[in-house]
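Dumping the structure here so I can ask a few things about it.
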Amino acid sequence: MSVPILDVIDLHAAYGRIEVLRGVDLSVPRGAVMALLGPNGAGKSTLVKVISGQKEATSGDIHLAGVHVQGARSEDLARVGLCTIPEGRSVFPNLTVEENLVLMSYAGVPASAVLDTAYGYFPRLHERRHQLAGTMSGGEQQMLAMSRALASDPALLLLDELSMGLAPLIVDELYETVARIAESGVSILCIEQFARTALRVADYAAVMSGGRIVATGEPGEILETMADVILGGAA
Amino acid sequence: MALLEVDDVVVRFGGVTAVNRARFSADRGVITGLIGPNGAGKTTCFNVITGLQKPTKGRVRYRDRDVTGWPVHRRARHGVGRTFQRLEAFGSLSVRDNVRVAQEIHGGPLAWFGGRRGAVSVEMLLDRVGITEYADERADSIPTGTARLLELARCLASDPQLLLLDEPSSGLDETETDAFGELLVELAAEGCSILMVEHDMDLVMSVCHDIHVLDFGEIIASGAPADIRTNPDVQRAYLGYAEGDGDLDGDTGVIPAVEEVV
Amino acid sequence: MGSLFAFTLLGLFTGAAYAIMASGLVLTYTTTRVFNIAHGAFGMFLSFVFWDFTQRQGMPTVLSLILVLGVVAPAIGWFIQRFVTRGLGEGPVSVALVVTVGLLVGLIGLAQQIWPPEPRVLLPFWSGTGWQVGDIFVTAHQLITLVCAVAVAFGLYLLLNRTRIGTAMRASVDNPELLKLFGGKPDRVAALSWAIGISLAALGGILLTPVVLLDYYALTLLVINAYAAAMLGRLKSLPMTFAGAMILGVLESWAVGYLPTDGFLASFRPVIPALFLFAIVVLMPQAQLRIGQVKGIVTAPVPSMRLSIGSGAGVLVVVLLLVNLVAPNQVLLIGVAATYAIVMLSLVLLTGYGGHVSLAQFTFAGVGALAYAKLDEPNLFGLLVSALIAAAVGALVALPVLRLTGLYLALSTMAFAVLMDKVVFNAEFAFKFNGTLAAERLSILGLRIGSDTAYVWFMVLAFVLLALGLLVLRRGALGRLLVAMRDSPSACGTLGLDLRWFRVGLFALSAGIAGLAGGLFAGLRGTVGAADFLYFQSLLVLLLAVVFGATSVTGALLGGTALMLLPELQAASPSMAGLLFAVIGFGAVLLGRDPNGIANHLFRVGRWLRSRVAPGLEERLQALLPRGGAADGTDGAVDVPLVDVPLVEVSGGDPADTMVIEKVV
């Protein structure tokens, strides 16, 4: 059995005295797409922050492709192939589209290659290359954000709440992109709160609640659990 | 008769439209829910209502007066109180002093020099929301759920007529949430109108009289809990699909109500 | 018409130099959120370095310029970002302000130490060369200044828009965390912008030196010009900053050309930047309340009332002993220390409790002193009115910036201090230029406090009473409100507090306390003049207040004593004068992050000592002294023996109780 691309073992993290992650165990196999679902406040975004080096864990281990990486800085992780697209609009609103793309070359791919990939994939970005990113629609901004994942050829892609605040149709489009990235062999961990769409592209799924992983399995099995956790008896 | 009316409010940050022509109201003496997926613009709506955010367009009416141009404190003085999603408790004060400060602010300069006292004592407020045992702790050292209750107690100290609660139950466990729901119903019965942003659907469905659903900055549905529950637009907004859409291998039945997994 | 054109053109040349300096300020502020009050001081320091290279070492001008701008300045900028200002941008504005004020004072001290005062001349580039354009003579230096400004503008444009690191600079303004996820290094970006920023400060300073002369203070004050220019672009936009600098230069030039050369109006010339700044600040739109503030600050604990009163009485006894023991001239020094200590009390209220920074606190003392001398009512009523006048002036300063917060408020106070120092205090209706006013010592109920010893003791009494008043306030509703406002202004707003007026009230109260100190000071000295209330003194007051602890009255007492000792030490060893400034300035840089200061560390030591030594000591003391007895026998009027003070309430043994007992005077 090959080494998983991401292996999280008994991870704890806290904000002050409030413990948010209470022993997270999670493993993402190489080349797989894993959806991590769970209600608001379950600790999903904190987990992303800890894995990507933005926040320190209080205890536990993280292995990226078998290498123990805890304590590494996020900019260094980004340069060795961890691509994190955080929650919210993860572009620089006051830079133009092209300038945003140029900055993506910090991950190690030459700027011209980044531009080619992004424009090839999303012709709409080429039309708007001189427009400020903040003035584009939410969907277009997420396209721009996804360009980083497309162009930098990462080993692992962390997607946090890709669909947040976007119309379902646009979310579908974005997840088609995720599927294509996955086809190129990139391992993906995508975090979603309400996500039938995410499950459609995922090979595996996990449910997080109260700072722990409470269920893992195939997307089909997870779906039922999900509705309970999120809408309660509502739906 | 609506106590609060949000009329055609638009908020744009740069090019991003956070709230798009939102139009909803909250009635006197009842609990109104404002729900929607993450990033739908609920907190921004609250900021507009309390005056922390100027709307790009639109009006806010409160007690039949246009308060759109009013500063934050003036709205508060007229009875608009709120809690915050990202907690804004006074971290370096004790829990008790947090509530006391609120009472003193409400009492005005006379109270600062020990003159007037509020009708309801600080201890009673702490007791009412159930955080008496934390009274002497520093507010930045208490758990999130408790801090939310503290924000509620602090808000009640200023004797609000309209209470805006931003995700008040996150951080509370099941029993606490139930008790919290009862408290809300009590408050409403006493004549306090409540507008609540909340993710716990069980709580929303059980206590709210009306519910407005915000998605992508727009109100996509308004109505009684029963109508909202079965509204396909709402389900689509939340789950990305609606019952009856049937786009995932035959799983179209009503999703059974099961106890929470946690 | 010809002269208008000439003055405008001359103004543009000066404006070009301001633009260079201001663009450096904007660059560092936008990328790191640290407003560098010491920006002008860096320009000053590096101009001295340039003088040293060219005049003292005799290096060629071009080589020196390359060394200063290309090596020394960037190295300093890098060092400052790396070791001093890193992380300050995310903290409270007050901390960043104190740290950079510390840099300012430290740099002045360092410059005085390395290059002791003596006339130095830095000639303009290619002095003597110039061209006749119509009816005006344009010097080569002026042309070079203009060329440099254009080059800087063009260079910055290219850097920020055409290079990846420049794009990253703008990106880190938006969101440094995201930049890290992109793989960029915000720290490197910040270091680069500081390197460039300090280099631009140096270039601006060197170009302006022939105009404003090689002076420690004049060059340092250029930060106000730069700030005023940058405010036109809201500290963000470089093109607007350039425009602001040019307008400022032209306004100054017109002032030279058209304002009368003598009389009150003439004194306005040097304060055009400050006035320009006020005008822009008044026109700025309301700042919105922000959600998600810095919160939960740990402050020095408030002592119990009993302990405070006991300590206060202790101070009074000690001072009573001192004034009777020391030499007569040293009695006056104790009075000076009391003045400073009271002014620092006003900062405890404003900065320590309220979280606002004032760079004009000693100027308010000056207002109080002026009012006291002018009123010529040497009694408590006159003193009170002086304090009220100072309070009213404080409110007036806060009013235009009512809608603004933090940084803008603090910087406006600095402009105000300069304005008072250079114009108002020197005006005919005030102290007059180089003049003084006589002030009588006050009488209480017809009894004149004439002797030095009695008057000084009275001043200390005033300090003790004010300190006790402040502690009562801190323990009461107002104290809670102050803490609440600092923790979360938006929560206060949504609870119904009008923060704007509350802030004005706070500012006025604080200015009033400082004014009271000024009134007492006037009585102490007998004659007071503008020279007693230089704006620079306000910076020292702030720094020492923070170093010794701006959150406790003990800090104010210690800070006041230290500030009194400072000129004495400097007079005792003139060769070390600059070094002392440097020590204070850089001390504040080190300690500025903790506003609780040295006093809090003393409390900690005191707590530790008491936990170790007190139980045994108490036993032995009780065996030695009859409880409550006036064993010292100096004055029967004071019936709280000093030795009892630290021990009061310790016997309770309750941990919550011992937390409260911090105050050791």
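Each chain gets a letter, A, B and C, in the order it is written, and its residues are counted from 1.
FYI, a residue touches a chain if its C-beta (ideal position, glycine included) is under 8 Å from a C-beta of that chain, and two chains touch if they have at least 3 such contacts.
Here the structure is a predicted model, which means the values were calculated and not measured.
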Per Cα centroids, the chain farthest from subunit C: A
Pair with more cross-chain C-beta pairs in contact, given A-B and A-C: A-B
Length of the line joining the C-alpha centres of subunit B and subunit C, rounded to whole Å: 43
Geometric centre distance via CA averages, subunit B-subunit A, whole Å: 30
Whole-Å gap separating subunit A and subunit C, where each centre is the average of the chain's CA atoms: 47
Touching two or more other chains - residue numbers and ranges from subunit B: 140
Subunit A, residues touching no fewer than two other chains: 93-94
Partner subunit B, residues of subunit C touching it in the complex: 288-289, 291-293, 295-299, 476-478, 480-481, 483-484, 486-488, 490-499, 656
Of all residues in subunit B, those that touch subunit A in their complex: 13-16, 37-41, 140-141, 143-144, 167, 170-171, 199-202, 205, 216-217, 229, 235-241, 243, 248-249, 251, 254-262
Residue numbers on subunit A that touch subunit B, as the complex places them: 16-18, 39-41, 88-89, 93-94, 132, 134-138, 141, 161, 163-168, 171, 193-197, 199-200, 207, 209-210, 214-215, 220, 223-225, 227-235
Touching residues on subunit C, where the partner in the complex is subunit A: 164, 167-168, 170-171, 173-175, 177-186
Subunit C-touching residues of subunit B, taken from the complex the two chains share: 47, 50-54, 71-74, 76-77, 80-82, 84, 86, 88-93, 97-98, 100-102, 104-106, 111-114, 136, 138-140, 151, 154-155, 158
